[in-house]
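Two complexes, one shared chain (chain A), two partners (chain B, chain C).
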Partner chain A sequence: MAKAKRLGLKERYSLMTRGLDWETTYQPMDEVFPYDKYEGIKIIDWDKWEDPFRLTMESYWKYQSEKERKLYAILDAFQQNNGQLNISDARYMNAVKLWLQGITPLEYAAHRGFAHAGRAFRGAGARVACQMQSIDELRHAQTQLHAFSHYNKFFNGMHGFAHLRDRAWYLSIPKSFFEDAMSAGPFEFVTSISFAFEYVLTNLLFMPFVSGAAYNGDMATTTFGFSAQSDESRHMTLGLEVVKFMLEQHEDNVPIVQAWLDKWFWRGYRLLGLVGTMMDYMLPKKVMSWKEAWEIYWEENGIALFHDLSRYGIRLPKYHEVATKEKTRVTHELWATLYQYGNALGLHTWVPEDEELDWMSEKYGDLFDTMYRPRLLFLREQEQAGNRYFNNRLPMVCQVCQIPVFYTEPDDPQKQCVRIVEWADTKHHCCSDGCADIFNREPEKFVQSLIPPQQIYRGDAGGARDIFEYAEWLHLKKDIDTGEYNGSPDHQNWEAWQSQQPTPQANSDEAA
Partner chain B sequence: MSYQVTIEPLGDTIEVEEGQTILDAALRAGIWLPYACNHGLCGTCKVEVLEGEVEHNHASSFALMDIERDENKTLACCATLESDLVIEAEIDEEPDAAGYAVEDSVGVVARIEALTPTIKGIWLDVEGDGVAFQAGQYINLSIDGVEHPRAFSIASAPSQANSIELNIRLVDGGEATGFLHSQLAIGDRLSFTAPLGRFFVRKSAPEPVMFLAGGSGLSSPKSMILDLLEAGDSREITLLYGARNRAELYYYDLFSGLAADHANFTYRAALSDAAEDDSWDGPRGFVHELAAAYFGGNFAGHKAYLCGPPPMIDACITTLMQGRLFEEHIFMESFLTAADGAEPARRSALFKKF
Partner chain C sequence: MADNVFIAFQNNAEAQPIIEAILEDNPAAVANESPGMVKIDCPGRLVVRRETVEEKMGRDFDLQEMHINLISLGGNIDEDDDEFVIAWNT
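On to the complex of A and B.
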């Protein structure tokens, strides 16, 4: 059989893209690309980089513009049909608020980070991959904002995400995560974001949010999720590629990559505590528990990945066993913290309803019934007696992950876990051995962390003297944007809208 | 009802059952296609349909857009077949694949020899042009009364097209191998389909080659080495073989003789279960340990061909990678029998072939 020789897709791509860069001659390459060596990563042959995108700019624009047209057609329909009335319950909106305030700015930060990393790599393949991802991330930030913007007309606390991002104590958790990555070198940045976060932990971030949106009737977010997921595969492939590339290029890279995986596994896990809490507490209709998600996406998939990585001499990330021990606790401990600091949050908190408590008992077992249910019931009792509890002081937060130091010892759920680290005669507090190790590895970096409570006490929050003045400085209105959900304007509006609905929407709870 | 899919640029043709996805069929046939989410959302497994009709099923309209549907793209993880198909996937071409057509043949048993207490050599005479195959490939042998055909690697060199040698290990309770070991007689006729498989020497790559084999995994390497030596290939060739004990060590004299005759060929064997055996003064241990010792733990700059049971392959891959030889330089044929368990261990998307 005589077959006409045609070029393969891979070949065609390489012919179209090969040789688009050049060795500089007016300036030495090391001057043109000053950042891709100082981390110690040794690259022998940049041509071994396997381009994970294999997309020309022309087709990239074509594809992305069709995605946009589809997405915005659905968002238009959603808005015209008053889609906000179809969500499961107004409490769900707090998941959206947390995402808008905490995660959407990360998409924008990723856009900046990948633009920077792309400029830093001397290999053209890595540069192009980072450039496209940078554009993707900008698009994700924009489309998320557009998807959420409709809700801003109907619910409180969504009016100033950009203002909040640089000022709110709880948003320094995601913000510091990304700024740590962006202020690292280009290889560490791509390892942290593309591999640790987007590959290893991505399902723990996207699954609860997008499936959670679908379960709770949020058409806008669900559609955004689908549109983004078709990009995420490229991002995940970039993460895999960069790690394999570093590990295969030189054996000296192995311990450096290992240290980054240790660090970014733990930082990613700590950040995901917020997402887990959203899953367990903020979704009126639950998708799965944090514990179940951890078991599937880390204990099964994540461990299988590290088993494969062990062939490169990479071991499981440090303290992964601590994260697994904490799986029955983190979300309950974090919700209790958000609940008590509710006066300085741009979202509402509450005690879950009885059926939700029963769901938690089923998912979390004895520990929930002995430790967390009684506390939640006590808080509910107090609230119903007109004595809703708020802790109107400022928390001590971890020097690394910036989460208040409230988690408990890995082997004792009744004992607060605090680690004190010292550098240049100054003591700093960490929430865990994982964060303490990260501090001790780069103390010069982490002593520079801007810690919100310290800044507030120094008068850097507009001179605020207490938590209420601080909330005003955040542009959050007391008991409207902040505080308890029950009786809040969001709650009252929701009840009013439901009673005016021509079709009995209230039944949707039972139908599902 | 099933259809056939030809996958370019490999040119391999595989069977796809009704309702089975292209991706599922390809992976089961040992052909790796890029994929990630496996349920139509991410678009990693996008392929181009060159000929034929597919049903896109539940491919997301964001992962497979209208313009792409118009351009005959589909998602391999969702697409099912409406006709025979030719697709093109983003995979590397194999310049060294000979691409012999798969044919049905009949062989007459000409010789049966006990190579070890558990391995029999069986020679099949094939009339006419014989069997055109690439050294390293296998045949699917049909046995009357046994439901599915069984795969056996060809142990003879491609130059012997009319006499096909198979080395068959007796599988505990194995229906097919039980028959072949106890009832097969000279003059019996056996039908088979050949040649199959993507295990062959990448001759265009200049690097020295090493073969790591265990148990009855010696068949393919034997054919490949004979083929290289017959062609006068001058690169360095190393065969490291692991058997349990002296009685299971076969073709020792053949390979020792070849090593004596060819300066570029080296042969070493290790026994893993010969503690009591004073007559063996060679290396002891598993083949991956033999390899680490022989190459001093550094394999960079080689091409490695692995053939044997899954645990052996697994240990060898780890050893090779720790010695700085990575996936693109490692080729393998892993034997799974029904007794080994059909479900492979859970794995990640880190590697394409492993």
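On to the complex of A and C.
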């Protein structure tokens, strides 16, 4: 069969990404691109930058529009067929609420960050890749909002994600993560988001959690989740490419990149504790435990990646062994915290049912049975006796990751881990050696962190005098948007809807 | 043994011939299914060959069409018109 002669992929990519730029003459290049040198990264030849997918803008638009058509056809079907009734249980919705409140704003922040990084790099290949990613991230924010808007008609706590994002104490965990990255230079930004976060860690969010969404009958999240992750594989590839590019360009870049990998591995790991908790506690039907996901996606896949980078003199990120030690407890410790501060959360918390506790025993073994199961059973007993426990104060949070300082010592799950760091005669609290190191490396940056509980107690949260007034300032209604799941309007509505179902849903386990 | 590379696809009819082609071309590859997705792990190196995918699909296939149903991957990528390779260099 005679085929029309056409350019090969490599030639097409080269033509579409090279020679698009020029050396400026009216202004020196360093004035036009003022941000791509001060971090100390030395680039000898920008043309060595290569996008391994060799995706040109033309193909990018073609495939992205096809993804969008698929996605919106499914969202239409989902809405028209009352897809919200097919989820496993209304408790599941709280994972969706946390996604909407905590993760969707990060997509938008990534859109802004990559637009900025794309402008900052003087190499055309890098700029094209950042431009595509910036558009992808905007798409992710939009598709998530479109998908979730349907749920917002039926469930509480989803009405004000943008208002919450800048005011809710627990959302400063993801927010501060991204603002740390966005206020760094362009090379650190791309290393932090594309490599440390997307390559090393987001598989944990988009693979086991989204698979969990499929298992729990959430057709909307499954669809946008996997659709977003297909972009993500391109971003991860960009992340690996930028790291290899920096390492190959100059040996002086190696220690700088290593320090960023150490920092952003730890920050990403801390942030993902929230995802682990969604997997272990908020999916009524469980797919995979956080521990198992950590073993597959970090201990196997993540470490393989670092083996590959060892030829450049890169070693495994600092404290990776601590993260691995914590894999049996991080989600249980975090859930206990969310549970007790439930009056200041835009989602519900609860004690899992017996069969879920058995699943956790099976996955987590002795430590769960001796430490966490008894605590959960005690909390359940108290709740059933009409004495549901709430800690109606606000926690001390880590100066770096902004997670409450409640995790335990790496070698002692019964001892709270606190690290006090000092700078310019002030003391600050960190949750771990990982966060303390990050503080000590850039103290001038981290002393400026806006710490929500401190701001709230200072009266900067609309003058709120207690946690209930603070929740009102968040536009959260007590016991409707916040508090215990059992007996909440979401719970009552769900039971009513289920009892009206004429027959069990025939296709309730249908995945996307 | 070499570290595993991996590639994951949405578990749908469109991706099925791609998955079959990969398993045929990479005898050491193992497919792991979980709800909604299939993750294929393979020691050291994995190749997606356009020709094999075309045989399974019964039509022309551009390797970049993979983006539509691709979920994630792990490894260094090298792609041209005929092959999409994921490999570790160690």
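Convention: the second predicted complex is superposed on the first by the 493 of 512 C-alpha atoms of A that agree within 3 Å, B and C clash if a C-alpha of one lies under 4 Å from a C-alpha of the other, contacts with A are read in each partner's own complex, and residues count from 1 in each chain.
We adopt the following convention: a residue touches a chain if its C-beta (ideal position, glycine included) is under 8 Å from a C-beta of that chain, and two chains touch if they have at least 3 such contacts.
From a predicted model like this one, the values you see are computed outputs, not experimental measurements.
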### Query
Does the chain A-based superposition show chain B and chain C clashing or fitting?
clash
### Task
Figure out whether A:Leu55 sits in contact with chain B (first) or chain C (second), or with both, or with neither.
second
### Query
Is A:Tyr215 in contact with chain B, with chain C, with both, or with neither (first, second, both, neither)?
second
### Query
First (chain B), second (chain C), both or neither: which does A:Glu11 touch?
first
### Message
Going by the contact rule set out at the top, does A:Tyr312 touch chain B (first), chain C (second), both, or neither?
### Response
first
### Query
Just chain B (first), just chain C (second), both, or neither: which does A:Leu261 touch?
neither
### Message
Let me test your reading of the model: by the given contact rule, A:Ala471 touches which partner, first (chain B), second (chain C), both or neither?
### Response
neither
### Message
According to the stated criteria, A:Cys401 is in contact with first (chain B), second (chain C), both, or neither; which is it?
### Response
neither
### Message
Looking at A:Ala323, would you say it contacts chain B, chain C, both, or neither? Reply first, second, both or neither.
### Response
neither
### Task
Check whether A:Met236 is in contact with chain B, with chain C, with both or with neither, and answer first, second, both or neither.
both
### Summary
Shared chain A footprint, chain B vs chain C, residue numbers 8-10, 54, 63, 66-67, 70, 226, 229-230, 232-234, 236-237, 240, 244, 300-301, 304-305, 307-308, 310-311
### Message
List the residues on chain C that touch chain A in their complex, please.
### Response
3-6, 8, 10-12, 34-37, 39, 64-65, 67-81, 88-90
### Message
Under the stated contact criterion, what part of chain A meets chain B in this complex?
### Response
1, 3, 6, 8-11, 13, 54, 62-63, 66-67, 70-71, 226-227, 229-230, 232-234, 236-237, 240, 244, 248, 251, 300-301, 304-305, 307-313
### Message
Quick check on the complex: what are the chain B residues that touch chain A?
### Response
8-9, 11, 36-37, 41-44, 48, 60-63, 65-68, 88-93, 101, 317-318, 321-322, 324, 326, 346-351, 354
### Query
Touching chain C in the complex: which residues of chain A?
8-10, 52-55, 59, 63, 66-67, 70, 203, 206-208, 210-215, 222, 226, 229-230, 232-234, 236-237, 240, 244, 287-288, 300-301, 303-305, 307-308, 310-311, 511-512
